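Okay, structure first, notes after.
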Amino acid sequence: MSQQLQESLFQELEQLVLIDPHTHINPLSAASTTLADVMGYHYYTELAHSAGLPKDCIEGPGVSPKEKVGQVVTKLADLDNTIQVSWLLEICKEFFDFESDHITPDNWEALYDRAEQKMAQPDWEQQVLKQSKLEKVFLTNDFDDPLAGFDTNLYIPCLRTDDLVFKFAEKSVRERLGAATKVDVTNIDSLKEAIGVLFQHFKANGVRACAISLPPTFSPAEVSGEDVEKAVRRACKGKSLDDEQQRLLSQHIFWQIAEYCAVFELPFDLMIGVNRQVYPTGVYQGQDLFDMRVSLFQYRELFNAFPTVTFPVSVLGQTSNQELVSYAWIFPNVVTNGHWWYSNIPAYIEADTRSRLEAAPRSKQIGYYSDMYKLEFALPKFRMYRRVLARVLANEFVIARGWSETRALDLGRQVLRGNVERIFNV
Amino acid sequence: MSQQLQESLFQELEQLVLIDPHTHINPLSAASTTLADVMGYHYYTELAHSAGLPKDCIEGPGVSPKEKVGQVVTKLADLDNTIQVSWLLEICKEFFDFESDHITPDNWEALYDRAEQKMAQPDWEQQVLKQSKLEKVFLTNDFDDPLAGFDTNLYIPCLRTDDLVFKFAEKSVRERLGAATKVDVTNIDSLKEAIGVLFQHFKANGVRACAISLPPTFSPAEVSGEDVEKAVRRACKGKSLDDEQQRLLSQHIFWQIAEYCAVFELPFDLMIGVNRQVYPTGVYQGQDLFDMRVSLFQYRELFNAFPTVTFPVSVLGQTSNQELVSYAWIFPNVVTNGHWWYSNIPAYIEADTRSRLEAAPRSKQIGYYSDMYKLEFALPKFRMYRRVLARVLANEFVIARGWSETRALDLGRQVLRGNVERIFNV
Amino acid sequence: MSQQLQESLFQELEQLVLIDPHTHINPLSAASTTLADVMGYHYYTELAHSAGLPKDCIEGPGVSPKEKVGQVVTKLADLDNTIQVSWLLEICKEFFDFESDHITPDNWEALYDRAEQKMAQPDWEQQVLKQSKLEKVFLTNDFDDPLAGFDTNLYIPCLRTDDLVFKFAEKSVRERLGAATKVDVTNIDSLKEAIGVLFQHFKANGVRACAISLPPTFSPAEVSGEDVEKAVRRACKGKSLDDEQQRLLSQHIFWQIAEYCAVFELPFDLMIGVNRQVYPTGVYQGQDLFDMRVSLFQYRELFNAFPTVTFPVSVLGQTSNQELVSYAWIFPNVVTNGHWWYSNIPAYIEADTRSRLEAAPRSKQIGYYSDMYKLEFALPKFRMYRRVLARVLANEFVIARGWSETRALDLGRQVLRGNVERIFNV
């Protein structure tokens, strides 16, 4: 009974047209042009490297896109158990008429060529959007992104603030800020002015959220006083900062951004828990990990200080999920947001989805985002989520609580789409 | 097969008459008098507030009970996915002949009036006890509770010690202690004497447990020396304490209470992990959260020092459950106790129940307590637990391990009732 | 459907002949000689003690093997829910023709005698190996084990290094090192020489891995300088070390061992997270617990420094499993290894197996080891794992992802056996 019911709910959820509330799409090159754009996704390069493929084979200076794919293919047999590779197969079957369950040294070249042909079609991007039932796609824009040359109604700007908060002491970041804002940043006041210019620019171009990823050690706090002013001035002059000064600088800028989120009425996506470059010699984007010893308790001052700012929160560690459920249950401005990265596998999605749906207001749950770099990934990733969601709705709502299928589907549609529209004011 | 088996086991477990080993019932007003007593439970006010209802609408000075219910009802559509609201619906259906699956702005007033009529019946309390199959109900009494005016065989006293351990430095607490004990507390010795008087009073009135809730930062330890004596003397005089002195004071009083638990042969319920007032502007009782970075390792000195005291332990974070299972598996005096607060949802109850039943002695598991403030909640909360317990027994014992239903039910009855009788000597 | 499929996959997995990659077998006395060898396993003594059996009844000076069994039997009714006792029943049914589901005060003596008869058969050890489908068994050898008197092709040496890393300051350990290596250890250089002699001795005798268990507070690091040299010299002279010196000493020796693992091309099994003697008056081997506040982030320097050393990692806390999955997903030299101790119950094995199979390369997963002290335990422990593995393969691969049974079984066989052969070069 459960099996049939899951399938029935899944088929209904598959009909829903989506807004993807968090991606890394480049709107000027949203779809893939070769299979290397798909298989060059860090999920495959890092897993192939983890399974023994030397980094040089993937990122060496003379490695062509096609060669890179050929190299990764040599390791796929060691990875075909992973859900990540199941996304790849689903892409190849859905978009490139691939019929095997395995991409092998014997069949990958034909697949590569077939994909290249299809991707060369002038409306490929539109085909992918349509077949994936994608109506709108959130971006993650650098703070100095001109936001020009694309339809911001389809590709919705989101202001990414990692560089400002954690890399302001780097000369290149300050130069980018100066170029983007024409403000000569020398102290707290001019820094505030410059960040305000960024917000105005983004607001004028339809921004719907601010976003940042945060290490497990970070604790937002309102800091002030001479030590903070000095840290900012030193950073502006390119002078070195000690750890304490860097902490104050990051806390100050973060708080400043939160204040602008209040002023400009923007949700502030917090992606909590990533340690950067834990494996510094790993492949591109395959170097970051985490430390589960982190708590949303570190964010209590922030959540209390900005009652009008909505914080869609993603946690990297599955062990943080219960805190997220509980903080969303108590704080009006905390919202659960998707299943991030190392937690984005069915085992964790299922456990986390169940607990969220059982304990937090249905209006405060953003079910899923793809986090994709290329459009082709929305289909298999959202499909994975829809399957898991259908399982939870079937087992825990229809069977265990006696809900009708209609009622369960309404809940599913709300977390998949309705809440995205309302929370981000799309 | 699993589905039918679960239902069959659930129906058998439903027949069991219970002793509820932990509640916040006021024995002088155990049952509700209006629906506001039910819907004023913090689970509904905090969830409604979390979903956007301003605190003023719930707790404003001029908000009548009926108005409060009307306000909360406006948000129920955003909350109907939660297991907490499913308890509310179950109460209304079981006790007030409510027939809809939704409490709405259109139907709540009739429900309110119908409930008020039923609650006005002179034997309402007895009706609820009988319909809920409740034989005895543990209380959580303030240390200065006179324990008078009620049947302590039905409503069993439990000495709550939070105020003594964490708020002794507050003048009002010391005054309450003085009034209750007639002891002039000025130092460690007179403090010991006063606490002894409390234990004698409770023991004379049928107390069956001591209880305390503890923040994640607390580590019990036997402390002594001039620093401790000074901290106690300063507190007794109303002088300010620094953090270190407060810590020593709390550790000293906690240890003193544990010693009395040994002398008076009382189990000491530890409810580990709550941070108070994380959201200080939240609604009443909707302000506390937690920090998962806590370990039972902090309690090793305590567990070793008091081998004759049984410690029924509740953990607030689900991530602490495996430690609880393991400490109960090793320490003879550690017992698993229910599913507390943010862990009291089916997703976590199921995972925790399974691991406990698979790894810790069956004689050392207290399956569930309601934690209720009003009697009407025992029925839906215990029913939720019985359903989950039936699922675990069906899937993991009858199906996976080939147990007979009879054998599985014996295990279920032991954790639901038998252990409560034995461990608390009821 | 799921139920039948699970059974079908389980029966196939049951056919597989195994190599057990981690045990505590004494190769000179691998099988049991009385039921006391089976029921004296700490799982039973500690659980019986936890359920109320005084330590004296188990370990008193005058307690004979048969009396010990009789004592533990008095508590089995309190423990029969546990998976640990299910292993015991399975042993008795499989090996000793026991037909009841309960070992009781009425039937245990006949069982004891029957077992003693069977164990007295000259080929008992071979019978157990054959019936358990065990082809090879890894040992855990003290560093000064002569490795003589047994077939190292059947019982494969593994160099256990706990004593060197954490107890080198103890005179007895240094004396054992001196006796085993004939090296006069007085400083870093001679210490290196001595450890090198150990590795040569083990390598000459077919060692296939190094192993160590580690407390949650330990962080491997390459340390050097006068402080380290001084700590080593003081330890060699038997002088006392302060905490900082002990830390440096342990870190230095650990790093030295890792370097030899690189030189001798040996995997280094890390068993992370155990606190020793948390319950010091508990029964033998029933005194250790853990603290979930630990992270693989503490091992990043190690994993980066030794790219050629494979680290099969076991974590004691289930809350560490996602980190393990993620570190194995990113670091080429990190491999998931079994389900250790407090995580070795179906509830946690199922969750952990699912996440590992969904996210980490299939070639980097060692499914299970028995951790046994006596041969009879491989059968029930591996059978428990095979059942859980069959469930995960059935539900998550065949049903949820449409895999054929054949394909799912190939994956199962790889994590059960294939990877053991390849990773440990057996």
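Letters A, B and C mark the chains as written, and numbering starts fresh at 1 in each.
Rule of thumb we're sticking to: a contact is a pair of C-beta atoms (placed from the backbone, for glycine too) under 8 Å apart; a residue touches a chain by one contact, two chains touch by 3 or more.
The structure displayed is predicted, hence computed values, not measured ones.
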item: Same-site or different-site touching of chain B by its copy chain C, using the half cut; value: different
item: Fitted rotation between chain A and its twin chain C in degrees, CA, nearest 5; value: 120
item: Separation of mean Cα positions, chain C and chain B [Å, integer]; value: 39
item: Junction residues of chain A - those touching two or more other chains; value: 293, 319, 351
item: In the complex with chain B, residue positions of chain A that touch it; value: 1-2, 293, 295-297, 300, 303-304, 307, 319-320, 322-323, 325-332, 351, 354-355, 357-364, 396-397, 399-401, 407, 411
item: Complex contact set, residues of chain B against chain A; value: 3, 46-47, 49-52, 75, 78-84, 86, 101, 275, 278-282, 286-287, 289-293, 317-319, 342-343, 345-348, 351, 387
